[in-house]
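What follows is a set of structures for review.
Two complexes, one shared chain (subunit A), two partners (subunit B, subunit C).
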Partner chain A sequence: MKKDLLLKDGNPQQGNPLGGTLGESLRSQGVSRRSFMKFCATTASMMALPPSMIPMIANALENARRPSVIWLSFQECTGCTESLTRAHTSTVESLIFDAISLDYHHTLQAASGHAAEAAREVAMEENFGNYLLVVDGSIPLDNPGYSTIAGISNLDMLTESAKGAAAIVAVGTCATYGGIPHANPNPTGAVSVKDIIKDKPIINVPGCPPIPVVITGVLAHYLTFGAIPELDHIGRPKVFYGQSIHDRCYRRPFYDKGQFAETFDDEGAKKGWCLYKLGCKGPTTYNACATTKWNNGTSFPIESGHPCIGCSEPDFWDGGGFYKALSLPTEDLSKTAVYAAAGAAAAGVAVSALNRGKKNASNKIHIKTTIDDLTQE
Partner chain B sequence: MTEIELLSWARGPGLQIATIIFVAGVVIRVLEILLLGRKANLAEAKGGEMSSGLKTMITRTVPDRTTFKRSSVTIVSGYAFHIGLFVVCFLSAPHILFLKDIIGFGWPSAPTAVIDAFAVITIIAMLVTLVNRLTNRVMRYLTNFEDLLTWFVTFLPVITGYIAFHRIGMTAPTLLAVHILSVELLLVVFPFTKLMHAFTLFIARWYNGAISGYRGVAS
Partner chain C sequence: MSSVGITQFNIQMGDELTQNVQPLLHEIRHALAALLESGKASIIDLRSIPLAPGEEEAIIEALGKGEINARLEALGPSDIYETRFAGVWLTSHYNEDHVVVSRFIEITELPAILRSQREDMAGALETLNEELQKQATS
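Moving on to the complex of A and B:
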C-alpha cells in the first residue's frame, strides 16, 4: 500500500463525532455477530486477503466511527444510486452503507433546499480533512449553467467540497471517465472528477452503474485500512477491476472451442454459446461482473444472454457500437476497398498507357544495326 | 487519447487509410505487370504454354532434392511460418469475422488452442528465418534493408496478436489496438515491398512454366 495514499494521520477512526461506532450502529439495527463476521469474511475473500485478516477487518469495522460521507451528484441519471440502493434487501452490505454517516445525498437525504445545503456545509466544517467525498456524474465545463445545485455550479461545488476531503470516490463511469455526457459530441464539455481534482487520492469505481458490492467493498477497505486500495493505471481498485470479463466468463470455453451465437435467437444463443460475434466487449473490459455478479449474486448481463457493453471502460459509448464484434472495423471497409480498387484500376491503366507510350517512343528512335555498321572501321 | 479512443481509431480511420493504400497499391502494381503485354507470337510451336504454366504453378511448391539439401533451414522454416500464418490469419474466429464483414461470407473457425499452437510455430519459425538470415554468410550478404523490414512488419502482427490473446504486459484494449495497428502497418508496407509476392508469385510461376513448356522459336 502506498504511503502517500494514507489518510492524514493514518487513522480511520476519525469520523463523524455525531455518530457512534459502526459496531454499535449495526447491533442497534439487529445485525447479528454471525452475519457481521460473514460479511467480513466475504469482504476479505473479495479483496483477495488471507483469512487471517478477517478478525482485523471485523475489529476495524466494529470500532470505526461512522465516517462522514458527502455524496455529490452532477450530470448523472441516478443509476449509480439506484444500483447502490438495490443492496437494501436486508443484506449486510446495505447495512454497512446505512452505518456510514451519509450527511449529504440529494436523492437519499430527507432534507431539501437550504437545509440540505446547510447539512453539507456543517458536515464539511466538522469533519474537515476526514470526510469521504463520493461523486457520481460528470462535470460540465462549457457553461457552468448546464448543471447547478442550489445555484452552485458543479465545478464550484466539487472544488469546494474536495478541499476538506480525505479521499474521493468517483462512482460510475460519468464521474470516473466522463461517461455518457462525455460521449461524442460532448455538448456540455463534460469531464471526470480526476480531470479537475489533482491533489486528492481518487478511487475510480466505474460502471454504468457500478456493482453495489464493489462500492461497499471500496468503502469497507477504506474503513479497515484507512487507506485507499491498490489502483490500476486508470484509478480502479485492482481487487475488483483486475481481470477482464472475458477471462472470468463462464461462456469462455465456448469461445475457445469456436462456438458462437450468431444472432440473438439462433441455436447457439439458446445453447448459451459465446456472445463475441454479437459484439461482446468482455475481452476489453475489466470489471467484477463475472465473479461478484448482480442482484445478490443472481447473474450478470452475459448470463441473461446479452453481450457485455464494456461500461466500466473510458469512452465505452463511443467504442464502435455495442453490437459490433471487437474485431470488426467500425466503418464500412468493403465500400472503401471497392472505391479504392476502382480508383486504382483507372490509375493502373493510366500508368500502363504511359509505360506503353514510353516504350513506343523508344522503339521509334531505335536505330537498327546493320552489317554496314559492323564493318565501318 | 484513452485506450478505447486508440482502439476506435485503429478500428475506424486507421483501418480505412491502411485499406485504401493496400488495395490501391496492389491493384496498380498487378495491373502494371499484366498490362505490360506480350508481343504477339507469330511462330507455331510444338508445346503449349498454358498447360505447362499451370503445372509449374503447382509443381514449384515442392522443392527438388538438391535445393532442399542446400537450403533445408530456409525451406522448412519458410514453409512452417507460411502455413502458420495461413492458419492464424484465416482460421481464427475474430479474423474470419473481420473478413466476413468485408467479403460477405465466412467459414468455420478452429479452436483457440489450435490457433495458439500455430501462432507459436509461426513465431519460432520466423525467428529461425531471421537467425538463419543473419548467421548464414551468403544469406547475410544477400540481405538488404527491405528484407528486414518485411520480416519485421510480418512478425509484428503475429507477436502482438499472441500477446493480445494472452494479455501480457498491458491491458486488453491497448493490446488489441496495438495488434490492429501492426496489421495496418503491414497493409501499408505491403504494396511497396517484396510482400507483393503473395500476388505475383503464381503469375511468375506460370510464366516460368510457360517458357519451358513452349517448344519452338518465338518470332
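Moving on to the complex of A and C:
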C-alpha cells in the first residue's frame, strides 16, 4: 500500500474532483465486478455498517469521484501515519487510497522543500472548496517557532489550508484533543484542530494511534456518502466510537460476575478475568478496538492482558495513572488539603468529588506512575 | 520443550467468555427459517460481534462443512463454502497476505459473489467479439 500512498510529484491535477469515478478507475485497472463486491463487503464491515447496506455502498462507490486530500502533520510522532501505512498490505484497503488523490503529505511524498509546498498550493487552488484536509498532531500556540514546516508556523498552515477544505479529518488524539503535547504542563501551549477552526465540519478520529481501518473507514464513508458521518458530542464518528470498550469487551462477563485480576500474574490474570482493578479505562473509553482489533484483527490490548489506557479520550494522559482503577481517587486523600479543610464527613464523598474533578486536578498536579501502581498490592 | 517455569495463560480455553456462540447459532436458525418461508436472505458480519479468542473458531467448527467449496481469486483469495447446514454459507475474504479482512455468514441459496456478474459478462462479450474479429481479419 505504501506504493499507492506515494505522491505523484508535481501532479496535483490528479486530485481534480471533476475526474473519473471510482468505478471507471477500477474498471480501467482491470478490477472485476466480483473484486468490487468483495471490496464493498469489506468496506461495509470496516465502516461497521450492516451487511444489508452492501448494495447501496457498491452503488455509491461506483459513482464516487476522486477527492483531493491534503494531509498536514504538526506536533506529532508520526505514529498515526505509521499505524496507517504499516498495518495494511491488503489490496482491498489500498483501493481506498486509489480512490483518493493524496496531493500533500510531507512524510510520504517524494517532493521536498519548495516543490512540496508548491504541490500543496496548486492542489488547494485547483480544488478549492472540495478537498479533504487531514491533520495529525497538535498546534502550538505559545510560540509559533516551536513547530514549523518550510518556515510556516503550524497555525498559519492550518488556517490557510482549512479555508478551501470541504471538511477536515483530525487524525489521532493530538489533532483531536491536544493529546500528549497538550498533557500537563503543556509546554508549547498545544491545542487541537477544533480549538482553532470553527467554520468547517471536523471529524475527530482519536486514538494514540487510531485504528488504521477506522481512518480508512472514515475516508470510505466520505467517498460513499459524500458527507461526514454522524458524530458524537466530541466530534467522533458514532459508527466507530458509539460504544465503550467495556460494553464490547469479551471479558465483560467477568466484570458482571465480579471476577477481577488483582495483579498481572495472579490466578485471575491467568484465567483472563476482568482488568478493571488493574486500571482498565474500558468503561469510560469509546473506540472500536474490542471488535475491529489491531494488527489485522489479531487482538487488542485487553486481549493481550493489558488494561485499556483510554487513548481515544480527551486528556487521557492526565487521567491519574494508567494502573489505577477508575473507582480509586486520583490523589492521596490524606494529602488533599482542600477536602480535609472542608471537613468532608466521609471518605466516599471525597473520593466521589475527586473523581468528578480529576481532570481539572490533573491539570494542576502531574502524577507519575510508580512501581507501586504496577504491583497494586 | 519443557513448560516448567513458564506461566500458563489459558484464556483461549475459558468456558465462561462472551457466550455468544449459542445465540449466534440461534440467529442463524431464525434466518434459515425466514429463508425457507419467505425467501429472505440474511448476512451476519462476524467482525461486528464481540468474540473471545477461540469463539470464532468455535462457530466455524459448529457450522462444519457441506458439499460445496469455492475459491475466489479477486483482490486476494476468498473462501466460500456451504456449511453442513444447507443454505448457510461461510464467506471469508483474505488480503494478499492471506489475512482475513472480512468474514460473513450468509443465509441464502447462493452467495451473490459466486454468480457471474452482469458487468463482467458484458466485458467478456466485448473481448470475445474482438478476438473473433481479429481471427477473421488475420
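The rule is short, and it goes like this: the second predicted complex is superposed on the first by the 287 of 377 C-alpha atoms of A that agree within 3 Å, B and C clash if a C-alpha of one lies under 4 Å from a C-alpha of the other, contacts with A are read in each partner's own complex, and residues count from 1 in each chain.
The rule is short, and it goes like this: a residue touches a chain if its C-beta (ideal position, glycine included) is under 8 Å from a C-beta of that chain, and two chains touch if they have at least 3 such contacts.
Computed from a predicted structure; not experimentally measured.
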Partner chain(s) touched by A:248 [first = subunit B, second = subunit C, both, neither]: second
First, second, both or neither for A:316, with subunit B first and subunit C second: first
Which superposed partner A:129 touches (first subunit B, second subunit C, both, neither): neither
Touching partner for A:187 - first (subunit B), second (subunit C), both, neither: neither
Subunit B versus subunit C as contact partner of A:303, first or second or both or neither: second
Subunit A residues contacted in one complex by subunit B, in the other by subunit C: 257
In the complex with subunit A, residue positions of subunit C that touch it: 7-11, 14, 16-19, 43-45, 47-53, 55, 72, 74-76, 78, 91, 93, 95-97, 99-102, 104, 112-113, 117-120, 123
List of subunit A residues in touch with subunit B within their complex: 177, 232-233, 244, 246-247, 255-258, 260, 276-277, 283-286, 310, 313-316, 318-320, 325-331, 333-334, 336-337, 340-341, 343-345, 347-349, 351-352, 355-356
In the complex with subunit C, residue positions of subunit A that touch it: 27, 31-35, 37-39, 41-42, 44-46, 48, 50-52, 54, 88-93, 95, 248-254, 257, 265, 269-272, 290-292, 296-297, 299, 303, 305
Partner subunit A, residues of subunit B touching it in the complex: 2-5, 7-8, 11-13, 15-16, 19-20, 23-32, 35-37, 93-95, 97-98, 101-104, 108-113, 167, 171-173, 176
